Each structure stands twice: as structure tokens, then as C-alpha cells.
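Read through the structures below before going on.
Here come two complexes built around chain A, the first alongside chain B, the second alongside chain C.
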Partner chain A sequence: MSRPFNSHMRRRDFLRTSAAAGTMALAAPRLALAQGASDLTMHTWSAAVDTVQSHLNAFTASSGINVNYGNSPWAQYREGMVTKFVGGAPLDMMWVSDAWLPEWVEAGWIAPVDGFKNLTQYNSEAEEFCNDSMTYNGRQYGLTYYTDYMAFLYDEEKVKAAGFDAPPTTWDEVVEQSLVMKEKGISDYPMMLAMAQESWLIEFMSTLVFSHGGRFIDENGMSSMTSEKDGAMEALQWVVDAVSKHGIVSPACVETGELSGLKAFASGNHAFAMVAKYRLRMLNDPEQSQVAGNVQQTLMPKGGNGAHNTVGWMRFHGMSSQAAADPIRAEATAKLIEWFGGKSDGAYKFQKLLFLDIGAGFGVKPLFDDPEIKAAYNAYGDVEVIKAQQSLAMQKDVVTPWFGEWNETNGTAWQSAILGNTDVASAIAKSSDAWDELKEDY
Partner chain B sequence: MTDTVNIQPGRSRLRAAFGYEERSAMIFLAPVMLVLMLVAVFPILYSLYLSFFRIKLTRPNRTPFVWLDNYTDLFGNELFWTSVARTVVFSVVSVSAIAVIALLVSLLLNQDFRFRRVLSTIILVPWAIPYVANALMWKWIYDSGYGALNGLLFQLDFISRYMVFLGDQNKTIYLIANAFVWKEVPLATILLLVSLKAIPSDLYAAARVDGATVWSRFVHVTLPAMKPGFLLVMIYETMMAIRHFDLFFILTEGGPGDASHVLSWHIYVETFRNLSFGSGAAMSYVLALVTFALSYIFIRTLGRRV
Partner chain C sequence: MTDTIHKPAVDYRRRQKLARISRNLAILIGALVVAIYVLAPVAWLVSSSFQTEAEIVSVPPHWIPEDPTLRNFEAIFTAGNEEEITYENRSGQDPASGGYIPSTAKNLLPAMWNSTVVATLVVILNLLVGVPAAYALAKIRFMGRDASIYFILMTRVIPDIALVVPFFLVIKNLGMLDSIWSLVLTYLAVTVPFTVFILVQYFEGLPDELDKAARVDGCSRIQALVRVFLPLSLPSLVAVVLFAFLTSWNEFLLALMFTQTSASQTLPIVLAAFTSDFTISFSFINAAGVLAIVPPIIVAVIFERYIVSGLTAGAVKG
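Right, the complex of A and B next:
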């Protein structure tokens, strides 16, 4: 019985064919690279994946540039990206959080984009804190993808039931109204604060500090948090008193994460909450919230030296250093960044799509005048209050290359003070010392 | 010819040292050994090498060789010693509880009674649950706002308002230990039950003839015969407790404050949040050495009398 292999191919033919196939396999990637020289690689975290993909398809159709799109969960994004950078994985455009900007710049992984006029032309229409958040050492590193800020929300029905005509405007009034609510049995813990050790914690702490008129660091980057008047002491003291003296914030706040706190507020356990502004939509959705229709936003209460300030955060489209090193790729990447972060076909399409799709905030002011956006916002909030609070948002002042390391110590110190393990002054001093040590180390 | 003459003595020595079967075994085992070298031995040695450098992924251009600084720095690291103390408390509490509960359950399962097999199966359930699922389940149980434990205590009128469990620094480590014990008891029970089953019934019969009471039979027959099982349980569970991470990650992330900041959490933060691979590797080696040392102590003390 003859074997088919032998009948069609001799040993020498087989070796010859194998060698040819091997050569082809080795050469294929280079050939592909040569053919698709304009192909770009883009990586994001896993948010609005379908919206991103469809906007990307429109980009490819419009520019003829192919883009390899990948995404990974937010929780592992930073570590995954650092590994990609260190390993030299191909990457042209990526989403960047303002918290990582100094770290990634200092490591040489991302490149400034202020040399591209098609990108900087949008700066005049962006919120000031957005431009600040994308800037490091005087250079701009991207265009806005999404921005939001910490909002102060209240349950209108509970405020009225407590006998107040208007929501609190100062932190003292928050205490005053909360104590009345406790007395009347409206809520055991009227104020919801989520102070668990997670990535949201710094946003809550910054809001408390900024709204009290304080700062973590001064203009020279040195710690100013121990300052009585304009540091972080007053803010932390307010939280400690709210938990242990007045009992208006649950002692469980140190184990309450942002999502748990949100659910507790949505189920009607609290009267006041400090949450990201985009949560307002969910809280006024009857299918997701038991207090739907009652949740209103007001300006962040202010402390002694405060002025209703809050913290804003930014996520933006950045360009990798490897893309910037090649003028052709850099040009194509800048086009891609503009398509997403600037205008595509003459309008801020992507930011509008994101807002309408998942309620994500936008950093460009003209969108506030868009009739569709106004209508969407007014369905669950007051667009004027939203706009007014956004203009009072401030960039986190602690964003530096050592931010991540300091943040661990700072979070633990605040929690220790809230739990009564240490006094406010010692907790802030510990955080301040850690800052100065890390600054010196870097 | 000359070549053949030169090669022959080497071949002969190899043949003399190893028989046909040994040589065959070597050839067949070589691929596995190679894989093990690549995926186990090399990473272990490489991490030791890394521990002598100040490596921080976010500072790729500055990775100085620092000799043993990553190790000596630990002595002055207050948080490191806090984490060691927390690890000791967690390990002692949980291993003691596991040993006692597993002993009681194994004694129960060693008796003949109706539904014994059903009970044995039910007791194994926690063991079958993955650690992450176990942690998420306990997170729901302990929650201060909607937790099942609060609900139960409230319904039974033991409490008038929901209590803070994981957020209470004085309870946190013990509550996590409880979740760990719940998961580990089944395996420890099986290991002890095997020891129990191996005790010859003649010993008990002889003890009865000598007039030994139930307690005497337990102390003088059962417990000594269970020593090999206990040794295994103590070594295994101590290693598991010292290295345990999942429950701390999901339940508290080291908090509140530093109440559950154990060694494994400290290493995770240093390595994967601060991205300091050099010092993280050094800490991991310290943890490994401590685990080895404890195992050695157990074997020397308990094992000597087995």
C-alpha cells in the first residue's frame, strides 16, 4: 500500500518546501510591517468598548489608517501599561489618568503633544483644570477623553422633612442639618462618606481639603498639609468629629468603598453624599435607585477658608514616546488623538457619544450648550449647577512621580485618625513626613 | 581508531555509574527538568538577583546595585514590622483554631452514626469553594450596611443597630481569621481523620481491658497516634496562613488603617502598587525563609516524637 506522502513528495522536496515555508514565516512580520507602515496600536481600559470601536472604524474609513485596538480592565490598567512600556510592546496612543502623568513622563514613556497645532487648537475650549491636568513641567501630554469632579448631592425630601428650606452651604451647616435629621429619626448617619482604602480615597480627601480652603502642597511642591489654616488639618478634623463627636458619619466609612456608599445612598440610608457627579444619573433613575427624583446637586459645602471648591480628575488620550520618535507615526497618532479628543467631522463627537452613552463627563465647555446634552442633563440634574461646580473644580495637587507611594501612607494615616488610633495632628504629620521623604528620594 | 579509543573510557564510566534504566530515565526526564528549570528554578534565582538591585519599574533608567540594602532596610521599616506582628497574630489564631476544630470534627466523623457520610460531604463544601469566592461571600456576610451577620443578629434582637465589623480595627484580623478557618478546616479534618482511621482497634481494646476511661484512651492512645497528622496540619496550615493574601485583598485591602496589613499584603503593595521589584523580592525571600524556618521547627519538635 503506497503512502500518499511518498506518492506526492520526496524527502528532498519536503525539506525544500519546509525551508521555504520557514523563510516565509520569518519574513512575514517584516513584510506585513512594510505593507502596513501606517498601522497604529491603541490601548485603553475597558470602558465604552463598543463606542470606541465604532468611532475607530469611522476613523479608519476617514483616514485610511488602520488601528489595532486593545483594552484591559481599569483595575489592572496601570500595572499592565507599565509592563508594556518596560517590555517595549508596540503602542502609539493610550488612555492616561492624570494621576500617572508625572510617573510616565519621568520614565520617558509618553511624549508631549504640544508640537501639534491640530491638537493645541482645542485648549481654549477646554476647562482650565483639564488643561492643567494634562500638563507636566510646562508641556501638554494629550487631549481630553473624560473628566468629572466630586459633587455634593442631597436628598431633597429628607432635607425638607428635617425642616430646612435649602441644602447646606457650609460644612458646619451639614453638621447642623444632620444632627436634626438624627434627632428626628430621618437617618442614623445622614452624611455618606466612603473612606475605604481604594483609588477613590484621594479624590474624597482632596475634595474635603480643597473645600475647606486647604492644599496638600505649596507652589514649590513642599508639603503644606500640616498648616492649621490652609493645609489638610481642618478637613481631617471635620471628618474625625463627624464620625466620633457628632455621629453623623458611620464609623464604617473606613470600610465603605465608593460603590458600596453609592448603593447605601441609593437605598435611602443617607441624606447627603459626596460622590462623582456622573453618579447623579443613576441616583435619579427609578430602576436603580429608591430615592430617584429626590436627589439634587448643590455646590460643595465650604469650610472656614473655602470657596465651594472641589476636585476634578482627568483621563486623556496620550501619545507614546515610541510613536513620537517616528515623525510619520507621530503625525498619524496625532490625527487619531484629535479624532477622539478633539473634533471629528467638525464636532466633539466622541465626548458627546460617551456622555450620552454612559453619562461620562466632558472637559470641553461648548458641549454644555449642545441642546441634546442640555436635555439629557436636565432630565436628572440642573445643568447650571453642574456647570458652576465644574468651573470650581481643581486639579489634585499631589500628582507627582511619587504620588502612588505617598497615597498608600496618606490613606492609612487618615484612616488611623478616623478610627481614633492617632490624633489628627500626628496623622497629618506622618503623611507630611512621608511626602517630604519621597520628594527627597526622587 | 584513536578517537574510538579516547571515547571508550568515558562511555564505560557512564555505563558503569548508571545502568540502562537510570540512563533511560534521565533521557525521559530531561525535557521535564528543562521546563522546570525555565519556569521554576530560573525565576527563583532571578528574583534573588533582583533583590540586590533598587529596581522600580517607573524609574527604568535608575536601577543601582545595592548589595543587601533591600534586606537591611527592612530592619528600620516600621510598617514592615507592623505587618510581621499582624501576620503572627493571624497565623497563631487561625492555625490554633483550625487544629482544634478539625480535631473535634474528625473525632465526630470517626464515629458510626446515621447520616455520617452526608455530614462528611457537607463539611467538605467550604474546601471546594475557591478562595476569591469565599472572600466575596464573607464580605457580604460582614458588611456593616446590608451584611447577613448584621441581619441575623438584628432579627434575633441581639443588637439594636447594625454593627461595624471589618471597619472595626479591633475585630478585623480575627474576622479574617474566621473566614480563613472556615475554608481550611475541611482539609485539616481529612488529614486528621486519616490518622484516626490508622489507629489499630486492638489498642483501644487493650486500653479498655486495662480499665482506661474515655478521656484516658483519648489522651494516651488517640492523641499520640495522631501526631503525624497534626504535624502535617500544623506545617501546611502555618505556611498557608503566613502567605495568605486573597482574603486581605478582597475584604480589607490591608485596612482599616493598618489593622490587617499583613506581610503578604505589604509585599503586594511594595511590588505591584509601588512597582518596587527589588525590595519586593527581598521581602518575599524573607517570607520564604521564615516559612522554611517554621517548618523546620515543627519537624524538629513534633516530628522527633512521632
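Right, the complex of A and C next:
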């Protein structure tokens, strides 16, 4: 019988071959990196992949710059990006959520883009809350990818059945119309509010606060929630009264998430709803909604000190610090950001494509005058109302590095008050104290 | 007197029979409950893959589709991937519409292929590395043998999440980002310790005399392993193959970190990418899910008769 591994020479040969293979494996990547040095790397979450790829191919054809495009699932995108940043993976441009901006800037992962005139030239045509949402410590970090806001929708048929000619314009009128609907048996809980502890909750709370003329924090970043006139007290008091005093909002709202609330509204259970504006299209689609054709948007009702404000959110194209460190790469990346977030071939092509393809809202005002966009919006809504409400959208004022920690406390405090476990003043005070403590700690 | 002796004997037999029937009935009901609990999600997955989006969200749910459709499967199998994407031929699907098919549907079959290649390579390399290592640890006495076994086992105590960044740095420096080799390499690091541990336990249960007899007959170590030990270790090898295959097939975290294009993305990543920040097409995802469970089922069916004995291999040291 042969003994293949019993000879010293063969064992040495084996070790020698293994060492050579290992050396080659370690050397190979450097060759590969050198070969692809001029290419840019862009990473996004997996939305509108075909639309992005088609626009990217046009960019390469126009500029001669190759771009390696990668994408990963939305739900795990942030975690994946953090690993890529920490691990130093090649990365030039990426999509960023406004909620992550402070964290990514403080960690030194993304760089400001306000040094590039070809990017800042679009600020004058962008919605103010979009510019605000991309700005941190006075520096701008990108150009808009998509934006949307919280809208107030109503079922026109139910409003008319209750004997009203027009939808409510104030939160008091919401109560008034809802009570009539309850009395006439049109709806048990006419107003749909989704106040479950989930990522949407801060959007709902911000909308209620802003539309009542309040803010969570003042211009110095300190809590202003406890202020009777321009804090969060009035908004929370309205919700508490709506649930326990008037019975127009279900107590189960603290367990209702945005999607469940949307489905309930689509099934005809409610007359009024606060949902993301892009849901309007689905609600007026007969294949997906029982109230299709009846759902209209009106300006967000206002409180005593309010002015129909709502909350807006946005995602943007950002530049990595890695790219910014190399002037040639930074310039190429800025061109890529402009191609997507600004104009390409003289038009806001990508934002328009995104809207027409997947219904994603845009952050630049001139697109509201585009005939194709007007026609698309008017097919299921009123473009003038949509435009008017977008101009009243405000940036979330609580997006800070400690937002995540505070958000837990704040959500729980609001829910306790809604359920009657604590009074409004104590709930807001608890949330306010948590904010100031966290601000001190950071 | 006869009556009083006879009566309890009859009652005793009836009671025994009743107890046996009750026990069997309880087992049957229990088995049915467990079977329904286990199979209901799979049944719903299959049923909903043939339903439209509107039917899936209907209340009460339709376990048998009222208006079955093959639209999702057609989208998966007819999606082309060759042509360069332009403004004209882009998918442009609206997720707000009821019949939404994600534009990444065309990546599903390539992702299945990537998953199959990765899982197969991991299984083969696992056996090539793990079997000789386990044999050496089980049958060759050397200094530090026990410490080596415990060290190998210890590597499995570290949670995967803690390994992500170190692995990422190694993979990046090797230039393997966005390559299926990054997955093969890291999955081996995860699966080989388990393979070695299971096989060491099994080989130790086989008598040393077999090894000695083979060596006396002129076998080299390798020949003793291949001709004597491997044929006796089939159940444990099956357990190892199944573990390595299923671990590689289902792994998500490392694949999420190391892959970024359809050239290397595996099935779990492409499936997760079907949920966007705008909407989720339950109907399409469930159709993709049905396809995703087919290969593991085939593997399980092929090795079915070895699975139970294989899974307990090494559990009791003889």
C-alpha cells in the first residue's frame, strides 16, 4: 500500500505549497484594488433598483465614470453600512436617512458637501425642511433622494353623511364632526390614530405637536415640551381627551401601528386618518381599499396656536468621508450626487422618475409644475393641496445622537397618559426631564 | 363468591383497554396539534404564493385561494437579466399598485444558484477539513489533544455578531468583498468546529482495535480513515452534511455584510430585499419563499433515513 503523507519531503512540499497559496491570496486583492481604483462605489437600500440602475448607466455614458452599485435590504441597511464604515470598505456615495445624520456625522463616516457649488445651487429650489433635515451643526451633508410628510386624510362620503360640507380645519372641528358621526352611527371611532411604539410614532407625535403650534425643543436644543403655549402639552391633551373624554379615538390606538391603522382606514372603519401622504394612492386604489374614490386630503387641522404644520422626513444622497479625503474622488462623487439629487441633462430627472415609478415624493418645488407629475397626482388626489401641505412641513426637531434613548421614554410617557395611567403634565415632564438629562450626558 | 372474584378481573381489563385507548387518543391529538402548529405556516406560505395581494389581506384569510394566480412564479422564471437597463426598459413598477413585482425579482434565480454553490462548497470543504482533523484528534495521542478539542469547541461559544467586524476586515484585506468565496471562507470558520466536534465524538466511540488492525494490515492513516472509519460513520457524516448545508443556505448576517450585488448575493439577502421602505408585496415574497424551501427539503428527503441516528451521533460517549 502507498503511504502518501508518510514522507518528510511530501509534508514539506505540502507546507511550501500552502504558504505560496496563502501569499498569493493576500497579494491578489491589492492587484484587484489597483485595477478598479478609478471606479466609484455607491450603496443604497433595495428600493427602485431598476430606476437607479438605468439612471446610473446614463451617468456612466455621460461622464465616463464607472460606478459599482450595490444594495442591501432596507431593514438591515443601517447595520450593514455601519459595518462597512467601521471596516473601511470602499464607499463613495450612499443613501442616508435624516434620522441617522447626527450619528454618522459624529462618527466621522460622512462628509459635508456644502463646499461643492454644483450641489448647493439646488438649495433655493428645495423645500426648506429638506435642507434643514440634511444640515447638522450648520453643515449640509447631501442632496434629496426622496421626501414625504404626514397628511390628514378624510372619507368624503362619511363627512357628507354626517351633514358637513367641508372637512375639519381645526382639531376642535375634528372632535365636533366625529361626535356627530358617532351619534349617527357612521363610525364608532371616527379618528384613526396609530400610537403604537414603533418607528412611526415620533412622526405622529411631531405632527400633533407641530399642528398645535408647539415644538419639542427650543433653539438652544433644550426641552420646551412643558410650555403650555408652544410645547407638547396641548397636543397630548387633545389625544387624551379624544380617547377618554370624547371616545372618538380607540383606546387601542396605543397598540395600533401605522400599517394596521392604514388597513383599518382602508376597510372603512374610520372617517379621518393621519398617515404618510404617499398612502393616498393606495387608499384610492379599488384593488386595495374599500373606500377607494372617497379618500381626500386636506390641510392638517390646527390647534389654538397652530398653522396647519405637519412633519416631513427625507432621505438623501450623501458622500463618505473616505471619498471626501481624496479631492479627485470627491469631485467625481459630487458629480454623481448632482446627477441623482440635482439636475441631470437640465432636469430633476431622478426625482421625477422615482415619483412616476414608485410614488416617492420629491423635495424640489419646480416638479410640482411638471405636467406629468400634476396628472399623476391628480389621478388620486389634489396636487394643490399636496403642494400646499408640503410647504408647511417641518423637520423633526428631536433628531440628535440621543434620539433613540429619549424616544423610548417619550413614547412610553405619551402612552401612559393616553391610557389614563398618568396625567398629561406628569407625562410631558418626564419626557422633558429625560431629554435634558440626555443632552447633558452627551 | 364466584361473582365477587370474577367481576374485578373484567373491570381491570376494561380499565386497561380504556386507559390504552385514552393514551393513544391523547397522543394522536397531541401529534395533530403539533403537526398543525408546524405545518400551518408552511401551508399558508404555499397557499398565499398563489393569491393576489388583495386576497392575502382579506378577513377571514382564504386557506384555499379563491382566485389562484401564477403571476408571481411567472415573474420569477421569466425575468431576464442580460440586457443593460435603460430608461426605456426599466421595470418602473409602482409598489402602491396591487400587483407589485419587485424589480429585483430577476435576481432570485441567480441568488438560488449562489446559495447552492456556496452551500455545496462548504459541505465538501467541511468534509475535507473536518474528517481528517476529527480522525487525528480521536485516534492519535499527542500533547495538547484535549486542549485542542476544547479550543475548537470554544470558538463556537462566540456569537456571530461579535465576529462580523473582524471577519469583514479579513475579507476586505483578502479582496473578497462581494464574492461568494467570502461566504465559503467564513461559513467554514463557523461550521468546521461543529463538524470536528461531532465526528471526534463518533470516532472515539469506534474501537481502537479497528485502527490498529488496519495499520497492521499495512494501511496508512489516510487509508485507515477512508476504508475503515468512514463507512462506519455514515450517520454522523450525514448529520454534518445537513448541518453545514442548512447553515450555509440560511445564513443571513455575514452574507448581508460581505455581498452587495447580484453577483454574490445569496437567497436570504435577495428575499429580504423584496421589502422596501415603501411597501411589501406579501404575495411575491411568499412565492419566493416557496422556492427557497425546495432545496433544503430535497436534501432532507435524500438523507432522511440517516437523519435521526446522525443527529444523536456523538451525543453519548461509549
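Remarks
Going forward, the second predicted complex is superposed on the first by the 414 of 442 C-alpha atoms of A that agree within 3 Å, B and C clash if a C-alpha of one lies under 4 Å from a C-alpha of the other, contacts with A are read in each partner's own complex, and residues count from 1 in each chain.
Methods note: contacts are C-beta pairs under 8 Å (C-beta built on N, C-alpha and C of every residue); 3 or more make two chains touch, one makes a residue touch a chain.
These numbers come from a predicted model, not from an experiment.
Taken together in the superposed arrangement on chain A, chain B and chain C clash. By the touch criterion stated above, A:S416 is placed in contact with chain B alone, chain C being left untouched.
Residue contacts after overlaying the shared chain place A:C253 against chain B, while chain C stays out of touching range.
Contact with neither chain B nor chain C is seen for A:G268 once the two complexes are overlaid on the shared chain.
In the superposition on chain A, A:G404 makes contact with chain B only, while chain C stays out of contact range. Contact with both chain B and chain C is seen for A:V86 once the two complexes are overlaid on the shared chain. Between chain B and chain C, the partner in contact with more residues of chain A is C. By the document's definition of touching, of the two partners only chain C reaches A:D50; chain B does not. After overlaying the two complexes on the shared chain, residue contacts for A:G304 are found with neither chain B nor chain C. Among the listed stretches 20-28, 56-64, 110-118 or 182-190 of chain C, only 20-28 clashes with chain B once the two complexes are superposed.
In the superposition on chain A, the residues of chain A contacting both chain B and chain C are 79, 83, 86, 263.
Interface residues of chain C facing chain A in the complex, by the touch rule stated above, are 52-54, 57, 84-87, 89-99, 102-104, 164-165, 168-169, 172-178, 218-223, 256-257, 260-261, 269, 272-279. Across the complex, chain B meets chain A through its residues 57-61, 143-145, 161, 164, 166-169, 252-259, 261, 269, 272-275. Within the complex, the chain A residues that touch chain B are 79, 82-83, 85-86, 103-104, 106-108, 188, 196-198, 250-256, 260, 263-264, 269, 401, 404-405, 408, 411-412, 415-416, 418-419, 421.
Chain A meets chain C in the complex at residues 1-6, 25-26, 28-33, 43, 45-51, 53-55, 57-58, 68-76, 79-80, 83-84, 86-90, 263, 278, 281-282, 285, 287-288, 315, 353, 356-360.
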